[in-house]
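Next come the structures, one after another.
Both of the next two complexes hold subunit A, though its partner changes from subunit B to subunit C.
Up next is the complex of A and B:
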């Protein structure tokens, strides 16, 4: 029972991080119908700056710079590349982000070099003892930070003028434009927000508690595991991203304990497959209808 | 699809240049084939160069399989490395000897090759029910799960795969008693001994040419038309009498079989079957999934010759840089984490993908088609006044006009 509780908390903590990443996918998808394959590289950009600057700026300063940098990297990709490829359809743009991803990832990975550093200094590898159960501090903090950020995001999405504009554009791009909503600004902020969320997520991912793997290709691969989270919940549903993230986090934690560590990543994908076979657009995604 | 509608309207006046172009294409193809056949002689004893050429053919075979699926049938798949793994392991199991905890049936390598292709196709068929239900990006991510499944299976089924630490050695290929390995004395062509690597080159060349011709045939025939119909509009395809479920499943099976063949070639090329240790580096990893997608995008979605070109860019450059590093000491000053051959080739093909999507979504195939169209247009204006309007429209067609079988 104690093990189970322990797994539950740790799994939820992981789930919160996956939810942050999945929200990034969903925000961008809602605004532009583009799947951002470069999300993993945004994660790396943020993490890399934290690693480089934490000795000079202190961890908090470096973390802030990392988050801002990841957000700006997202903005840059959108403004420089995607905004200039209006003629291309959504799918080609998704492919374009693959190219971007390859370049940024290779560059960051080679700069990090052989170090593969951990960047969660203030909380990493300092487990909390609560009676008989041990909780990873990283996951616990991730759970709190994730809950706060996700709540803030969902509230903003629901009530702020940015959120209304975003939802209007997702509903009907042309009508929204006719109502005076600046499509380019909505799109740009979507990428900005997604980048910032990725920048936060990496602070928890590149730790011993979370993955045991430092900043490097492994981090990038973990960002890919957030893909099933977004898909599982439904790509155009913010609530779905949160649910998907938690499902993925729990699946990974539980299967790593009860089946095998090697199997845990496959388990995530198998759960996603099962969900997709039953509901091809994810749990909360809009069903695609074809009219003849 | 606009060009398929326009094409038949080009008057008979367009026929002579078309025939001339056809003849030119055949002549060009023949010259190219001759060069490829003589490549071991041209290269001489520098086997390393031959390895690069072999590797490109692996990329070409796999890329052709993926371009049929992604470009022609419109199903995004990142599962290619999984089928490569299935092909490689199947070959080793069917034709390898049973030894030291390894399962091996010891059947002739030809059976192993054909069996590996069939088994990969069957795995594709097994995934088809899932693939048939999903569209676009959902399918792409769902197919990603196969890569993770392959990683796990590869690690856990050590009696088949040989495990991540040592792997297993695939048997040498053998055809009618002719072994694709070094021998004494070796046959020679123009004074060049035809040893293992030369023999493998000819084997790969034959496999690649067959794969190429089959794919071109499929694209031009009823099968290809059905793929494109399903890609462009499933409802319309159904109305035309296309069995959408079957066609989608068929595309997946064909594509996986191609990947399986590429897997066998990979095993022979490396002389090793070894499952990956993690999901992001290795011969059957996510990196390979992305590389294959890059091959398809750079070549132009759906274009068979384009896939070959993409393979040269993505697979060729990587091996070329590696070769340069080994032979001439390029990147010698780059320590670990420096600008290595792999990093540089990733930069090049990553940038190529970005540029292609930004400036020429049709990829290399569209550029080639445009060059050809320009040439025929100029000959047209000299011999005949009827310049086919089709070529102008084809150039600017915003959609993926990859279904021109002549391109």
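Up next is the complex of A and C:
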């Protein structure tokens, strides 16, 4: 039972990080209907700058720069590439993001070299003992940070003018334009927010006690696990992204313990397949709503 | 108020939707734009509201001015800030958002918070049902209520010029009458209205001036009551003098043939 509770907390911690990444996928998809396959590279951009600057600026300073850099990288991809390819259809733009992803990822991998370093040990890897339950500090902090950011995001999405504009554009681009909503501004802020969330996520992913993956293809692969999180939650649902992230985090933690570590990655995609067969639009994906 | 001069619009490379259209909207009235399917009515509104690009349309000639300032090269959001707001055909409310959020979205184009507050009060006065259903999803409203929401949402940015595309489409006659009354009320409160309609009976009842579009050109224009009395409009759009559907269609065909061979008379509004 204690092991189960321990796995539950650690799985939730991981799930919170996946949820941050899945929210990034979803917010870009809602604003543009483009699936951003370059999300993993945004994670690496943030992580790389933390790794490079932590000795100069201190870890916190470097983390702030990393988050801002990942956000700006997202904005740059949108402004320079996607905004200038408006005539392209969504599939072409998704392919474009794959190209961007390969270029950025390979460049980061080339720069960090063969060592595949971690971005430091900022959370003090000592486990926390709560009675008989042992919790990794990284996962506990990830859970708190994730919960705060997700709550702030969902509140902003629900109540702020930005959120109203984003939801309006996601639903009907022409009607939103006729309301005076600037499409380019909404799209740019979506990429900015998604990049910032990726910059926060890497602060947990590229640490030793989160996954064991250093700053390289391993971290990139972990970031892509957020993709099934977004899909199974429903690609156009922010709440779905959060639930999807938690489901993925728990699936990974439980299957790694009770089946095998190797199987845990496949288990995530297996859950996604089952959900999609039963509910093709995902757990919270929107179906057409109409009065009959 | 709104001046459209020599406006030509094309979709893609070859489809010409408007060809040298001239329309003047005076600052003191409701203008009805009539015409059948494919006449270019909606294209005219898209050109004014700046949303042609979303339909792969381009202005190839002419200009559109509001109070003397050109708006034909502006982003739709900027056009809204110049006080020109359109209600698109088919209402296009944000179905998954609540009524209140739809109104909030409409208010994003307002010039100030004070304008927004005044506009909200005006919308609730015009459409009390929108205040009653504030928390309900817009997609679950009836067709008439959705039309009210679409108009109310457009009024939230306190426009000087309101463009309505087929507001009577798909509504029961009683609701059409109610929408017509509301349009007059909106105009009486100081908003200039351009009403694009296939329902000529309703449009000519509401409007002070009217223009008839046929295959991308203005065929007739003038005071609404004079157009309502003209034989051409009676036969083609109001079904006057016909005692059966077959006779109406026959008379419409005759009027079309007659029109091809003569120069149309025009009124200047």
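Heads up, the rule we're going with is that the second predicted complex is superposed on the first by the 285 of 292 C-alpha atoms of A that agree within 3 Å, B and C clash if a C-alpha of one lies under 4 Å from a C-alpha of the other, contacts with A are read in each partner's own complex, and residues count from 1 in each chain.
Just so it is clear, a residue touches a chain if its C-beta (ideal position, glycine included) is under 8 Å from a C-beta of that chain, and two chains touch if they have at least 3 such contacts.
The structure presented is a predicted model; accordingly, all values stated were derived computationally and were not measured.
K.L.:
Specify the outcome, clash or fit, for subunit B and subunit C once both structures are aligned onto subunit A.
P.N.:
Taken together on subunit A, subunit C would fit alongside subunit B, as the superposition shows.
K.L.:
When the two structures are overlaid on chain A, which partner does A:149 contact: first (subunit B), second (subunit C), both, or neither?
P.N.:
In the superposition, A:149 contacts neither subunit B nor subunit C.
K.L.:
Which chain, subunit B or subunit C, is in touch with more residues of subunit A?
P.N.:
Larger number of subunit A residues touched: B.
K.L.:
Is A:167 contacted by the first partner subunit B, the second partner subunit C, both or neither?
P.N.:
In the superposition, A:167 touches subunit C alone.
K.L.:
Touching A:224 in the superposition: subunit B (first), subunit C (second), both, neither?
P.N.:
A:224 sits against subunit B, while subunit C stays out of touch.
K.L.:
To make sure I follow: the centres are taken over C-alpha atoms, the vertex is subunit A, the ends are subunit B and subunit C. What is that angle to the nearest 10 degrees?
P.N.:
Once the two structures are overlaid, it is 90 degrees.
K.L.:
So, A:103: does it touch subunit B (first), subunit C (second), both, or neither?
P.N.:
The answer is first: A:103 touches subunit B but not subunit C.
K.L.:
Check the residue A:17 against both partner chains and state whether it touches subunit B (first), subunit C (second), both, or neither.
P.N.:
In the superposed model, A:17 contacts neither subunit B nor subunit C.
K.L.:
Quick one: is A:84 in contact with subunit B, with subunit C, with both, or with neither? Answer first, second, both or neither.
P.N.:
It touches subunit B, and subunit C stays clear.
K.L.:
Go through the superposed model and pick first if A:178 touches only subunit B, second if only subunit C, both, or neither.
P.N.:
Only subunit C; A:178 stays clear of subunit B.
K.L.:
In whole Å, what is the nearest CA distance you get between subunit B and subunit C after the fit?
P.N.:
9
K.L.:
Which residues would you name on subunit A as touching subunit B in one complex and subunit C in the other?
P.N.:
Dual-contact residues (subunit A): 290.
K.L.:
For subunit A, which residues are in contact with subunit B within the complex?
P.N.:
On the subunit A side, the touching residues are 35, 81, 84-85, 87-88, 91-96, 98-103, 106-107, 110-114, 217-218, 220-221, 224, 227-228, 231, 235, 262-263, 265-266, 268-270, 272-273, 276-277, 280-282, 288, 290, 292.
K.L.:
Taking the complex as given, what residues does subunit A use to touch subunit C?
P.N.:
Touching subunit C from subunit A are residues 161, 164-165, 167-168, 171-183, 286, 289-291.
K.L.:
So in the complex, the part of subunit C that touches subunit A is made up of which residues?
P.N.:
For subunit C paired with subunit A, touching residues are 49-51, 54, 75-77, 80-81, 85-88, 92-97, 101, 104-106, 108-110, 137, 139-142, 153-154, 156-157.
K.L.:
Quick one: which bits of subunit B touch subunit A in the complex? Just the residue numbers, please.
P.N.:
76, 129-130, 133-138, 140-142, 144-145, 148-149, 151-152, 155-156, 234-235, 239, 278-281, 286, 290, 293-294, 297, 335-340, 342-343, 346-347, 349-354, 357-358, 361, 398
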